[in-house]
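Take a look at these structures.
Look at the two complexes coming up: subunit A is in both, with subunit B in one and subunit C in the other.
Moving on, here comes the complex of A and B:
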């Protein structure tokens, strides 16, 4: 019964949101002569991938019925760790590993606190976001982390492969891996199963604890990847880097048809959601509207998307 | 009748547990005072402690509203933004030479309306409180930036308005008086009115509250409007105290307000709350930052310490529950 309903609404969600994206695209193409320029499209993709990567992780977390509010802080601190290791002469490759490890580590702590102490996910990650932001503030007391812009590292964000900016290229690879993980592995199926009905999943022998920790680790890891790429792009890490990304990531996932109540997620949807968010800020820029309207629009979109999802799933239940 | 008999022992048990927690908090405060009196000369003075109390008033007011919201099993992440919007509205109107009374009323109305809007989203659109208020938080902060154009409101101080945040009554600073009055009224509402009992009933068991004939939608809208009202009072007082309204005003206060309530013993899962605990919780949060400050600890540690304290308190609550069950 539940499965049928999911399949039914999922198709509708992705198609509907795809139409919204295309409509927005056409509108911007008509409204601004600069929108369709190759540089602008490249720029738009580049701006979207940072939120997109975090949104992928958020899709997993939301699907399992949780939430991760610490991704913004983890993103900032992981970028800072990578920067600090390079600045200290640790080499680019170990530095990136250190950054990714930091993110995965905080993700594991989130997962363990949630599963072992049974604290609500939003509270754990809310507190964690405050703790990690505090650590980042401490490491930037003497100004932003900088001095790590060696060419090998900045190439990560500023180079191109086959006409695509490298972060976009990396995101595509990550997407393919995650899509496979989500759709075709037992891990992905278990995530959906736990999100749909934890009790049933547990009774069918799914090790809920391990899967949950894995999901939060993945979320931390993806936030860290985004942070490392963002650090390479910005060439300095401010104490506020990544703040507010949790909102955008949730918005990207929810716009893409991932349910806040768990049990239903779409990685493809997260891409569309992130691109829509990117187009909104790109469009505001091109039409020279104040960027602060973005926050208002994002909030409104979340409400509309969640309410629509509620409405359609309620309707499906009645039928 | 039967229902009453069954819930009575439970209520007594919950009350006992809260009392124990309050006792624990008091012991914590006293222990901290003793330790700090050795480490710092200026900590244990009336002026320092009054100062700490005055600083904690704003979080306390937000925490009162939050206590009601948490008791229903919900959460309100938009209190910081409602505080800024209300303070901003009063300041903005005053700077346009509007009389102080309509300016303050307009500020209060902003909080009430935004809060009621949260309630409407939660009840009519069936969006979870967490997401609804998170979205309000994002929208409201955006509105603050657009409205102020990133330039803080200032030059709105008039004599009467100054009194709200900086005046004295019988030697007590007016913000403290506001907090005391709010506490007395809300304590009465929480413990002695049908509304307060309905809030607790709804938080303990949503379904049975609905079946017993409580209009739950109306109840929730009122609770979120109350949270908005408290945020508005805090915002107007803060606007008067700071003499400027920054677009970032109140950012992060929601975390402190939640922390104050749950440190005091209000349960995050609903059905159990205490305003006395919230007073103590808010006081403790500022006592800790005051102590860190006097010991010359980097202020950035505050966020870390606060986050860890919240986790510890919630974990302790969970563990004590589990022990009882076993």
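Moving on, here comes the complex of A and C:
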């Protein structure tokens, strides 16, 4: 009996948000004749994947009971590093590695500060966000980072594989890897365990420190990947690139059913969350509504999603 | 009796049930104006539960509380204050960064009009003067009422709590272990305060484990056991031994059947564990086939000892050996590798991931056993393992995908035990394994413990339930104030002599 109830609530969690996405999809399809055009759908997906990649990382971070506010800055600076290396003639492939390494490196620093100095993740990543943004501002004192739009690099953003824009294609591959990591490895299991109750995990012999550093590294790495792809798409890196991405990433994860309190996360949910955010932007464009409404809507959605999550988990507790 | 005119509090027929347990059963307690009443009993006897009814934290399921002869419902702590009941909790409840004045008036600051009555400001002067007046009753010098209380010693903190209680114009002060953090000469000062309260007509309910303190201090001693009143005596008619006998004097239910298991070689040796202010030179050992008890009062250092053994807390010195080989244990992970498992005292906060399912909990501490390579979970093996342990331990759960929080306490404990058995330990440490578990499930846990030692394992058992320790253990160590003060063989140990050592009584 109880088992059925639980299975029921579990299904409802993911189903509910899927229904919201479909409803929004149907609404936009009816409201705008352009919405269902192939170019628009491609564009929508392309717009969504940058947040989605960061959202995947955020899902891990939130599931372990942390938060990463530095992803927006890391995204911007990692893109800039890749651009600068290419512009300096370092070659596309090493440049991408340098960008990804930068993101992973800042992630490791976040993780070490959190685990070794025992500072709250909110504070560490909030401060790190400022530091990294400052470094990016210094790198762009003479104007945006540019001059790296070599065809081999811009192809990353402008090419297509199997009818899908390459960033979408890459995101699908990353998704498959992360889903596996989250659900079918000891790493994913331990992330959930630590977020569920760090003391229990610690007493059960889980290496809480290592896993936590790993999670923040992953978050930094995914932000960097998003930054590299975004740089390829924009062909120049402004000092403000990526700012606000931390909010969208948190929104995507939370809308997707990941708990801000830790212990519960959904990689599939992050996809749905990011697509919903993308559809809101896209829909406002198509309906010629001021994009500034987006910020208000996203904020409201985060509050609603968290409130719903609290409500359902409190209900579940009464079982 | 209620019409004597002198009774301040009359509690009659108080019953309180928690899921699975009757915490209080038909308990009565009267306190007269200006009377000092001691409330004594073992851990879990129901003293705190009873007091929480007076401070408005719990509400009785049955029974009546009268204050000044009038029946009342004490709905919350504010209501208790309004009735003149003030509680000084065992844990200091002062805000450390605020000074004495600010603490005394916290939440009910005195204000005065600044512009008419609409805009008001704090009346610092009035609060300071009143605090100083009350404070001067205790200390001739009053200069430090403006120092943050966190910078003061334990005694002054206690005094400030008493001043706070007095400033509320209370008629009854409940003191829960007020001497816990105090040195001997400071205790004397506190006792003087109790006398002072009494002389002002204020009643005191005094809860303590230190029975010797009561003589010369209190007017009446109420003894509780297993949620019931068992005795009410004047201090002149009793002594420490008599009180201990009354506290533990329950009929020992003989539901623990001790099996004869051959005792083998030494499996666990702990030498010279030290942790500043917590543990002092704790040494013990456990042999194969042996159940070793660790007794003591709350705060004696039992939990701290077992946490230190498994590396959950840092220690300043000491060694742990398993099977004659010294283990370097820095974290619980090391302890698991050495073959030591520890079931912590709080199932929900430390034992199980209650939001996760049975399967994930069982494999958590030994995930590497169900991995392919270093990384990838073999779901089939995991499911097989979980099912096997659920069956072996008789965990009552519909499936292995059930969230642990929806299981009963006994079944949660079995899931936690399954987790540890899956690590294939040589030594298992249990910290209060049957707290809050019903009798039937207790019995099953005892059987599982017995099976473990029959297979050659060793067990260290921390328990506040003396019948449990006496029934299961081959030897019992008794701790008091961070030290092991005595070791009893099974034949020597009785509830009376354990309690005597646990409360420091042997020192007199």
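By our rule, the second predicted complex is superposed on the first by the 309 of 319 C-alpha atoms of A that agree within 3 Å, B and C clash if a C-alpha of one lies under 4 Å from a C-alpha of the other, contacts with A are read in each partner's own complex, and residues count from 1 in each chain.
What we mean here is this: a contact is a pair of C-beta atoms (placed from the backbone, for glycine too) under 8 Å apart; a residue touches a chain by one contact, two chains touch by 3 or more.
Quantities reported herein were computed from a predicted structural model and do not represent experimental measurements.
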Scan A:123 for contacts with subunit B and subunit C and give back first, second, both or neither.
first
Look at A:210 in the shared chain and tell me whether it touches subunit B only, subunit C only, both, or neither; answer first, second, both or neither.
neither
In the superposed arrangement, does A:193 touch subunit B (first), subunit C (second), both or neither?
second
Regarding the shared-chain residue A:37, is it in contact with subunit B (first), subunit C (second), both, or neither?
neither
When the two structures are laid over each other on chain A, which of subunit B and subunit C touches more residues of subunit A?
B
Give one of first, second, both or neither to describe whether A:306 is in contact with subunit B, with subunit C, with both, or with none.
first
Is A:264 touching anything from subunit B or subunit C once the two structures are fitted on A? First, second, both or neither.
second
Partner chain(s) touched by A:134 [first = subunit B, second = subunit C, both, neither]
first
First, second, both or neither for A:201, with subunit B first and subunit C second:
second
So in the complex, the part of subunit B that touches subunit A is made up of which residues?
75, 121, 125-128, 130-132, 134-143, 145-146, 149-150, 255, 268-269, 298, 300-304, 306-308, 310-311, 314-315, 318-319
Listed in rising order, subunit A residues that touch subunit B in their complex are 67, 113, 117-120, 122-124, 126-131, 133-135, 137-138, 141, 247, 250, 260-261, 290, 292-300, 302-303, 306-307, 310, 314
Using the touch definition up top, name the residues of subunit A that touch subunit C in the complex.
1-3, 6-7, 184-187, 189-190, 192-193, 196-197, 199-207, 263-264, 317, 319
Contacting residues of subunit C [partner subunit A, same complex]:
310, 312, 331-333, 335-337, 342, 344, 349-356, 360, 364-368, 371, 374-377, 379, 398-399, 401-403, 405-406, 419, 423
